[in-house]
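One structure coming up, written as structure tokens, with questions to follow.
Just so it is clear, A, B, C, D and E label the chains in written order, and each chain counts residues from 1 on its own.
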Amino acid sequence: MFTSLYTSSDVVASTLTGLAVMSLAAALICFLGLSWSNERWRVPSALVGAACLVTSIYYAGAAGYWNSAGEASAGVRFSAWYSVHPLQVAAVYFFARTQGPVPVGVFWRLICAALLMVFGRWLGDASFFNPTLGALLSIAFWLYILGEMYFGAMAEAIRKSGRAVTLGYFWIRLLMTVGWAIYPILHFVDIVIGVGQSSGVIVLYSAFDIVNLIIPSLIVVAVAGQDRY
Amino acid sequence: MFTSLYTSSDVVASTLTGLAVMSLAAALICFLGLSWSNERWRVPSALVGAACLVTSIYYAGAAGYWNSAGEASAGVRFSAWYSVHPLQVAAVYFFARTQGPVPVGVFWRLICAALLMVFGRWLGDASFFNPTLGALLSIAFWLYILGEMYFGAMAEAIRKSGRAVTLGYFWIRLLMTVGWAIYPILHFVDIVIGVGQSSGVIVLYSAFDIVNLIIPSLIVVAVAGQDRY
Amino acid sequence: MFTSLYTSSDVVASTLTGLAVMSLAAALICFLGLSWSNERWRVPSALVGAACLVTSIYYAGAAGYWNSAGEASAGVRFSAWYSVHPLQVAAVYFFARTQGPVPVGVFWRLICAALLMVFGRWLGDASFFNPTLGALLSIAFWLYILGEMYFGAMAEAIRKSGRAVTLGYFWIRLLMTVGWAIYPILHFVDIVIGVGQSSGVIVLYSAFDIVNLIIPSLIVVAVAGQDRY
Amino acid sequence: MFTSLYTSSDVVASTLTGLAVMSLAAALICFLGLSWSNERWRVPSALVGAACLVTSIYYAGAAGYWNSAGEASAGVRFSAWYSVHPLQVAAVYFFARTQGPVPVGVFWRLICAALLMVFGRWLGDASFFNPTLGALLSIAFWLYILGEMYFGAMAEAIRKSGRAVTLGYFWIRLLMTVGWAIYPILHFVDIVIGVGQSSGVIVLYSAFDIVNLIIPSLIVVAVAGQDRY
Amino acid sequence: MFTSLYTSSDVVASTLTGLAVMSLAAALICFLGLSWSNERWRVPSALVGAACLVTSIYYAGAAGYWNSAGEASAGVRFSAWYSVHPLQVAAVYFFARTQGPVPVGVFWRLICAALLMVFGRWLGDASFFNPTLGALLSIAFWLYILGEMYFGAMAEAIRKSGRAVTLGYFWIRLLMTVGWAIYPILHFVDIVIGVGQSSGVIVLYSAFDIVNLIIPSLIVVAVAGQDRY
């Protein structure tokens, strides 16, 4: 009776669309944040804004693909990750850089690790070699990125900063530790339990994917806004 | 005879399109308002502009879906609400913040209440549990948001402000009290009387949805424009 | 022989597309005009720019609809008018406001009259009551708007201004008097003579609709550009 | 064998797409040029940018139409010309105006001549009267525009200017003399020889149409960039 | 089992989409870079940003074409190259120009060489004459561009500059030497070995095409950011 007006019968479609809309809103706020934040905060804000925008475009496409084909395309998800993960680690690097000099080598190592993290996973999933090996490779590069963030020159640069910046860095790092754990976890859930195509897994996976993206982005903009005085 | 040139035979389609166009115009005015308003007003203007833009995109999609499938998708409406309601309460928080310090905890409580308000409703409508329970949950969180706006730290911060700001806050709060009441009212109309799919209900519902969005957004921009001197 | 390269065989399609392109160009010029005009001229420029942009989107959609369905959708035209007419009278109000204080009540009365002007017409055309009654109602609200523009506080504020502003206001008012007359005229042509669906009427109607929009918009930008020194 | 990867088998489609891409790039450069050029150069830069953008949208549509229907729509081409030619002569007027006062009457005469030039041609091609008469009418208005550019007040204003401006004006005028000659020439080629629908004619015609647009636009931006010191 | 959620089964589609997303992100960063870089760096940043944006639009179209038709259209690729290669060499010219005067003749020679490089190749691939002759012609113009970059006035202007600029110029030149070599190499691979339509060749070719575009663009933005103090 009240199906078409009130009920969200297709959970996956409404989740994917909702996430696309959320990323778009987050991207708009990041870009508009450029107009009121301090000049040195513009690089990280621009990077997270670009990451949100391309994710929004990806999820809009994935929702359309789901509506027409009834399945979520993982190929396009990798397509987005190849841009989004490097953009995010670059944003973390420039976040730390606003507080003091960080060697440029850290930047290159982070970008390469982020690209290889996605590439390793992709090689496994595209059946070039064993998917579990790909996931393990991906975990190794993820751990390297976390190592740089916890013990590297970036943590050093942040340590001497004000409360807003330290807190922001703490939360971003936490999200990249706890939130990114969803990728290998769901991979093994899929391989071992074999529920990869169930709606629940797609919804959870996508929701975590977006939380991992939007929250750090908004933290960058919020810290940029407080560090301006 | 004069049907195709003058008459709007499909009331739902023309309403949805008209609302999409209106939200787009409102979003444009919010974004352009950023260029002439005081710096501290930029955050609330950006937030309501983002809310208007994502709503416009949603209604354009809903109009297209109506034209092709002959029904309004509620799933996508929830998709928009998940972004729009948090953006609106965040805009109210930053509106109050321009006039004085408001504890940041208020912000987090408002965002969570707005998300849970939509989530509770969605759980009911997606048949995870009884729809009426979902609507009641949604009402509870709505009342909490109203409580914060009437008796919380935001009302405190606004009280000492100039006439334009006080008046703007009064009207936004009134619209969130009276206008948002349409959501539970129409829900019960739908359950009890069972006219959820009739064109009239969709048109009324959509019109209120937009009034609840556009008017507060334009109030924010108007107050921002007057508070600049 | 030379049909497809040189000849415009479908007059309606090429007119609708051409008008969409013209409105887009006008909107671009209005928005870019924001970057070189004085701060107090930004509100009217933004309003006419938004009006041009939504009209452009409407006419692009109408051209597409004509191409696919072979008829012009009036529903969508009302959809655009609900936004465009209030935006235009708001622009006239803020145009006058740049020259001196105009009571804010004038603004609200103008917005309401513009909305009711479209609404009255729509009620008639959507067959809620007699179309001619709707057209007469629409004319009444149009005359009220003209009354405000000729004898109200806006004319007062403009009287003391420089030549560019006075001339601009004179032309905008003239276009809203003579140009807007096309709406009731063509309505009666359609009812009495019954040629509402002929291509000629659609072309003429659309052309006047655009002239009524683009010329005042460009006048606002031009006056804004001259009033900056 | 290597058809699909390397070869451009459909010359018309790839030409139309390539021209759309070029116009878009030119429009982007014109709009970005606004950010680094002197304030008084903003009007001509905005006008040529708008001309490039609407042309880009037209050619993208024409390429899509060619792909689906296998013919180039001239109706849409007129649709673009109605906006592009007036925008171009307006840009020339404001180009001259940056160097000294040019009577505003010149502006109105140029705009009317440009509109009538397209309108005359369109009347002939849409078979309202003889196509050759339409082409002759179009030539007459074109010659009038050239007369204004060679002997009118604009040439006067430019004569006293620096080298960059004089050179830029010289080249724009030359392109409007030599380049615009393609329109009547190809018209007579089509009527007399009757090869209007051949791919070669469409490609040549489109290429000249774009050269006539992009080169003067980039000249305006380049002169604006050099005249800023 | 886990195909649709995790695996990228269509390597070409996911590559083309991923490259479109990457170019879009690069274009966004170039355009946003305009807001924090020194005024004289705006021209090269704008040029590489425009190149990235049109490439992104091309690859999005190519991915859509692949999905619907199952083949990659080279015609559209040429369409993009006609704009991208001239934009890139123009960016290199203005890159050098930020460091000292470079004769404007160099600019014209570079633009002509870049256009002829694409045109020669296109003539061969569109079967106007032997494809290998077209490739050789293309190589000749490419070598001319490299000659200008290694021994011409641009190298002269760069030599006296700071470390960031010299290093950036070195890397851009290296990429245009080593990276652009992929075009003739893959051409001969295709002709001699005849594997032009295999997925691997399309993927490799596209990946190099993007690396040749994105890396120099980001180098321009990075150098612009460091040269601002």
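Throughout what follows, a residue touches a chain if its C-beta (ideal position, glycine included) is under 8 Å from a C-beta of that chain, and two chains touch if they have at least 3 such contacts.
Just so we're clear, the structure is a prediction, and the values are computed from it rather than from any experiment.
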Chain B on chain D, rotation in degrees - Cα superposition, rounded to nearest 5: 145
Rounded Å distance, chain D centre to chain E centre (Cα mean): 28
Contacts with two or more other chains, residues of chain C listed in rising order: none
Contact graph of the chains (line, ring, star, complete, other): ring
Direction chain B, origin chain A - full chain order round the ring: A, B, C, D, E
Partner chain D, residues of chain C touching it in the complex: 1-11, 13-15, 17-18, 20-22, 24-25, 28-29, 32-33, 35-36, 225
Parts of chain A lying in touch with chain E, wherever the complex brings them together: 31, 34, 39, 42-43, 46-47, 49-51, 53-54, 57-58, 61, 71-76, 78-80, 82-83, 87, 122, 125-127, 131, 187, 190-191, 194, 196-197, 201-202, 205
